[in-house]
Structure formats: structure tokens, C-alpha cells
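Note that chain A is present in both complexes that follow, paired respectively with chain B and with chain C.
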Partner chain A sequence: MTLASELGRSSRCCLSRVGVPVAAAQRLATRAAGEFSASGDEVGDKNADVFDRELKSKQRDRAAWFMHESDPILDTVTENLLDRLEDCKRMFPTALNLGGALDHVQRMLHGRGGIERLISMDTSVDMIGRSKRLAAMDGVTGEEAKRSALENMQIIADEEYLPFQAGSLDVVISSLGLHWVNDLPGAMSQCRTALKPDGLFLAAMFGGETLRELRIACTVAQLEREGGVSPRISPLAQVRDAGNLLTRAGFALPTVDVDEYTVRYPSAMELIEHLRSMGEVNAVRQRSLVMSRDTALATASIYQSMFGESDGTIPATFQVIYMAGWSPDISQKQPKRRGSATVSFQDLQTAFPPDAFSKTSDDPKSTSTTKSITELASESKERERTGHNESEETSRTTRLPSGSWFKLD
Partner chain B sequence: MVRGGILVKHAAFNTSLLQYLACPLSKDPLRYCEKSQELVNDSLGVAYPIIDGIACLVPSRGRLVEKLPKDPEPDPAAGR
Partner chain C sequence: MAPAQVRPLPSPFKRVLLRCTVDMQAYGQCVTSKLPAVELGICEKEFRALKTCMERAVKNKG
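Moving on, here comes the complex of A and B:
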């Protein structure tokens, strides 16, 4: 039973003991329950329950013991993400480290971005314990003076219920931590509220192309052996949705970029072991709870036959989407108000006539300067039909949206 | 693998975190109760445990605190 409903129930019980009429008690109960979801659209859609969060935290508990000190994928992604901190001149004293590659962020930070306090947050107790041991080890051995200058704090919390006061954090960093969150827009919106104005939100998530080969192999094997398909790979955000997520959460100046890493494994079993050690095993609620040995072996062999390389290894794709957004602030550039334009497109054409850029000046129409866009388009069509003398130059020409040809040099 | 050799002292809760933390459900500021090692949200009547010096602010771990009228505060707030 959720805390909300329990609170509702207990307040109802309290009040009925005191003698308040039942109808009023019920109203109070619904108000108490409603309070939790009434903070606007921050808490978001409660019906999106794709992932089993408790199972995920247990899987991460196990991964905390399996994980190696340095992991090639996690290290590369974290390094790329933290590099983005150096692109800003600003200092961010207080940082929140949302789950995922927690201790990798802690270890690789090296004081970038002027971070003095790092609050690490995860749902899994053992992951946090690991992060604490890492922090303690630095204190004991005294290595890397820069690292021990970082004040490390840990809490156990859920990304969907962010326990931070509004306007308390300078930067939120999430290295591969948000792709197991049920209500992603709600979580990101809570991050935005928790950030100070002009605070930075940096996240790296796995994208839709991740483990594409494994997804195909699993589907084919299941269709062959079991006659049906159940989700073996979790649904992942698509690149085109990442920008929408940022704007929906209310971030200004959103940036999204994508990177793809291909890792080679001797066989599918090593891939699965690696995923287990990162805590990335399946936690989708609708998954089939049984996997027969036949299906597992069939998956491995299909993977090998469909995607195997010449030297016997298999590739696995990891597509990472890096998102960055700033919490709104008046110091940021705003788009101009509609109707406040001072220059018209006609003026632009006058100032930059389309033919001024092309090297072939034998065009009879090059003298006229003010043309409409349709005239330009028809011109270029004529040139296309008749202009074979331009064919050897077409490899170096490119077409402007207005339809005229622009010569590259 | 258990990391042998490093004994992490049982750390007390870091009270400087209080300026950042809030209740995960209603975002109200929390009160630290040293005696019962909990972070209490007085307006909603929920207390979150602190395990081994680490605050556990997951809604499912919250304990309901009965808020009857004229109830004296259970413990004096030590770190505020």
C-alpha cells in the first residue's frame, strides 16, 4: 500500500475516533492523498509503472558487489559527461549525483566545475555504501588531494520523489541513471525545481539503439522457441524525445547529443555478465519471469550467427544520449517577442543577392537583385534542366533553401 | 567483493545536509530528531529513518507519526 493511501486511511481512523462525521473525514483523507500529487505536474503521471523499482534497487545492490573499479563503458560515458562541466565558466559549489554510475562520477570528478559538495543519491543501499567506502578510502590513504577536498554526502532516495528543497542545488549530474525511472518528465521537472535559477542539469541516458543486436536475437529466439515475445530489453528513450523531455520539464537552452559505442564480447554470456555487473538487468514489470535454458542458448547462438564478427566476437551497441539543460533565469537569452522584427526578408535578399555567391557569372539573370522565393526556385529548376555545363561543378555546389545555388570553395 | 581492511566508522548524520533536504512527497523542510535518528516532516506527520548515518528518504520507508492535537513534541530537535 502506498504511503499516500495509508496516510489517508490513518487520518480517517483518527478522525472517526474523535467523532468527526465520516463524510468530513473522507474529504480530509482525499485531501491528504491529493496533497502529494497536487504540487502541479511535478509528481506527474502515476499510471506509468513500467519498471519495478524495488527489483531494480535489489539488482543494483547485487551489482554493487560485482562492479569493478573501472568499467570501460561507464568510465567513458562519465568522462564525456563531466567534460561538459568544463565548457562553462561558472562554478557549481553544490552538486547532486543521481544514481547510475555513482562512484564513477565521484572518482572522476577531480574538482571540475568548481564542485565542492557532492551529494550522491540512489535507491540502493549497497551502492550508497560503496560510494561511502570510496569516500572513506580517499580520506584514509590521502591520495589525490583534489578528490579529498570534495565534501561527499550520501542519501538514499528515489529519483521520482526528489527530496530536495526548491532552489537548493547548483548542478544535477546523472550518469546513466534515468533510464530506469518510470515517470521521467516528472523526475526531470522535480530536478528543475530543486535547481537554483541558472542551474545546470546534465544527464546521460541509454538511447533507443542500445543493445539492438541483443534485442533482435532475443525476439527471434523467443518467437522460435516460445511462440511469443516478452520484453527482454527495457524500453529506452529515443533521441527525438530527449529534446521534448527537456523542454517539457521546463529547462531553458536544451542541448542533446548522441554517441554510439560498440563493445566486443567473446560471446553473449559475457555481455549478460557485464550488464549484471552494471546493474542493468531487466526490471520491466511485464517481463516473463521464466527463461528456459533452451531459449537462452538459442539467443546466444542466434546472436553469434547474425552479428558475429570474423574473429568470433560479437558486437554490442550502446547508444548514449547526453542531455543538458539550464533552469530558467532572467539572465539567459530569451527569444524575441512576436512582431518585434526590424528586418524583413526582402531586405535580406537585397543585401545578399543569391547570385553574388556563385562563381559562374554568365547567368543573364544575375543583375536583378530583388526576387521572390518562387522566382528563385523556378530559376534553379531551369538551370537544372539546361545546366549540364555546371555538372562538373555540382560536386562543389550546394543548394540553399531558397532554391538558388551556392558554390562551395 | 568485500573490501577488506577499511573499517568505516559509524558516521553520524551530516547535519549540513539539512539545508538541502526536503520531504520527498511535499517538499517541506525536515526536522532532525537525534534521539530516534529520524528526519521528521511535521506538517504531514511522516518520519524517515536514518540508517548508519545515511538518510533514507524513500516514501515507502516513511513512518507515520500520529499528529493528535495538543501532543507534546516527542523529542527536542537537536540539530537545526
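Moving on, here comes the complex of A and C:
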């Protein structure tokens, strides 16, 4: 698979010229060592992949033509994601834009994060063509000075075989692109390898609650019409796994937060059309290839009656998990070594003696002289709730020993 | 946040949705009432009615 044909400016790109790209070689090595990926496929067995990548690429080809210029979900998610760039003091000259809402990222970047070079990557040819057209359009109309100063490159490559040299990227942005990847921990650790030290990894992907209503309606309809169930909604990462994914890929300072968007549609038909235009159609390998019209009809009816609102519209949940991680660097704060603590929880009791918190002497709670931390915490909460007066507060603070007993560094 | 531009594709399914709302509701209510113990063909009668309406709707235009 030659990638050089797709690059206009190969002299300035960061592809490794060695036979097998560095990150992909690492991935093959870990596979040989017997690591299992999150999707549970066997080592080295391509047919056990959860998602059919070729089909996904064809679906994205189709979506490239159907995608609207401004899509509410993609716009909101991309905006939220790119906003996080502004929270960083660092500048990121080279950025990789992994597939998903490719051209939305391109369009909404507005030079945030000091990005000068944006490499857009996708497996689908038409998506890349769309991204190219967008880049060309900006140059012609000459919109904002910042946007036209952005150097755009497009690559056709697979997220699971990242063609970048180690330590070549400053930031990797993936707006709704990683939830169709088979080996998600592998792809993320390849990203980490490709990033420079203290590089940023920003991703937004759909979480487990996404399209909950559609999944329920589909399942019930299939049970009633066919007597069996086949996966119609792809398996999605759970929020609780997102943090593990980041640490497993080797990222430092992981951050995960979740947003839930509820979008209302006139009917189930519009929902499916919208999903198709975003390229989010089912590509799970195990799916049954045909959805009979009966079942589709049944799904629409059940969706309407189970979840329909009073005005006839139906809601659809999109849960988006925003993940952020930094590639390790010595400039980052490290967790303290185990056993290096200088104070213990016992000192809390000497600093705040139990009788400092009791309201009256015959308080039923203060029977024991020494209390555990949880009791102290619940007492302080109770105090806040009952609106204890200020005098006790000031008396408590004067009891602190001189010098801080709580070291922060 | 601007609303998505809905391009109305003249699909037969849409016609069905517009014309058979009563039958769809009847079927939907039947299944919802039977939850969570839904089995194969538990609302067959309502579905037959819905299917006839659908076939009529699809045939009349096309």
C-alpha cells in the first residue's frame, strides 16, 4: 500500500521511509506477545475482528456525498473538542486529524492551538476528497488569514496501522472517529508512539448510552417479528473503560468527561437517514445482512410508542466521551513513589481533635472519643446542613498547629 | 445551534409512515403492553393490519 501517491508535499511530511512504519511494527510485536485487544479478538486472527473495516470505508464513501455542511451533532462535538485546545498554553504545530468528522475539524479549527500543519487521515477515498475540496475552497476564497495559513495534507490510511514516525506529531485529534476501530488500545498506543513527548491526544467518541432507544426498539422488534436478536447497534466503549484505555495506551494525565445530547427527530426514518449521512451505519461483522421490511416497520412503530414524545417526535441519545491524554514527558508531574508519604491520616486526628466538632456535650453521636475520618466527614456535612454558627468555625481554625501539616508540592 | 437541513427524500417508507399512523400506534401499543415478555408473533394480528396498510400505501403511489 503506497501512501506516497496521496501526498503532495512528501518532502515535509513525517512518514518514515523504512519498509514497515514504526508504529505498526510495534503493534505487530505486541500482538505476537499475546496481548488481547479490547474487542476481544484473538491474536493475529483478522476474521475475528468486530468491525468490517472495508465496509465501513465504503459506507463513509457514501456518507461523504450525503453529509450536510453543518450537522448539529458533529458541529457541537467538534467545537467542544477543539475548545480543549484553547485550555492548553502550548502550541501544537503539527496535528493529525483522524477520521470521523474530518472536514468539521478542518473547518472549525480557526487556528486554535497554534496548529500550522493539519494532516487529515481516513480510510475512505471520498472523505479525503471532500477534505481536499474544502482545503482548496478556503485557499480560493481566502477567508480568514489564520485559516488560509493552515497547511493541509490528506492521507488515506487505516487508524489501526498508523503510518507515522515515532515522535513526529504534536497533537492527535479524533472527532468521533475511534468507535469503529477494531483494536482500540492498539490504535491509541500507536498514537502515543507517534506523538512527541508532551504531545496531546484528544478524542471524542460515542459512548455506551448512544442510541439507547434505537437499540431497545430494534431488539424488541426483532424478538417479536423474528424470535431472535442480531446486533444492529455497534458495541461502544463504556465511560468506565475510557480511563483504562488511556492509561493502557501509555498516556499520562488522562482526562475523561462525558456529554449526553438528545436529538429529536420527526420519525425513526429521519434518524436512520441522519446516521447514514454521518457514516455511522452498522458495520459489525456478525450482523445479519438483511433487515426485512417487516422488522424495520416494527422497529419504527415500537420506537414511536415506547419513546415518542407528546408532539410525535422521537428522541435519540448520543453519549459522547471526550478523552484527553498526554504522551509522557519528564516535565509532567509524576505520582509520588509508594512509601514516600510524610504525613499520615493519624495526623488529621491530632490536628482536628474530635471534641472540636461536637455541637453539645450530650450529642448522641459523640459517644466515642476518637472518631474515624468518615465520621468526621459526615459530621462536618451535617454541620453545614444545619447551618452551624460561625464561632465554632473560627475556634476550629485556631486549633491548627503552627506550620502546615498538609504538604502540597 | 442551527437545526439540520432535512432533505425530504420521496421514499415509499415515508409514505407508509404518513398514512398508517393509526395501525403503527396500535401495533406499538400492543408490544409495549406486552413488555418485557415479548415473544415471537405475540402481536401478530396488529402487525397483519399494519402490513396490509403498508402494502396499500406502497402500491397506491408506485
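To be clear about the criterion, the second predicted complex is superposed on the first by the 303 of 409 C-alpha atoms of A that agree within 3 Å, B and C clash if a C-alpha of one lies under 4 Å from a C-alpha of the other, contacts with A are read in each partner's own complex, and residues count from 1 in each chain.
Here, a residue touches a chain if its C-beta (ideal position, glycine included) is under 8 Å from a C-beta of that chain, and two chains touch if they have at least 3 such contacts.
Remember, predicted model here, so these are calculated numbers, not experimental data.
When both complexes are overlaid on chain A, the residue A:H110 reaches neither chain B nor chain C.
In the overlay built on the shared chain, the residue A:I155 is in contact with chain B alone; chain C does not reach it. Residue contacts after overlaying the shared chain place A:W65 against chain B, while chain C stays out of touching range.
Look at A:T94: by the touch rule set out above, it reaches chain B but stays clear of chain C.
By the document's definition of touching, neither partner reaches A:R264: not chain B, not chain C.
Within the superposed three-chain arrangement, the count of touched residues of chain A is higher for B, of the candidates chain B and chain C. Look at A:S301: by the touch rule set out above, it reaches chain C but stays clear of chain B.
For chain B in complex with chain A, the residues that touch the partner chain are 1-3, 6, 8, 11, 14, 16-17, 19-27, 29, 44-46, 51-52, 54-60, 62, 64, 66, 68.
Interface residues of chain A facing chain B in the complex, by the touch rule stated above, are 2-4, 6-7, 10, 14, 32, 35-36, 39, 65, 94, 119, 123, 125, 128-129, 132-133, 136-137, 140, 153-158, 161-166, 168-169, 193. Across the interface of their complex, chain A is touched by residues 1-6, 9, 11, 13-14, 16-17, 24-25, 27-29, 31-32, 35, 38-43, 47, 50-51, 54 of chain C.
The touching residues of chain A, counted against chain C in their complex, run 68, 70-72, 75-76, 220-221, 223-227, 266-267, 269-270, 273-274, 293-294, 296-298, 300-302, 304-306.
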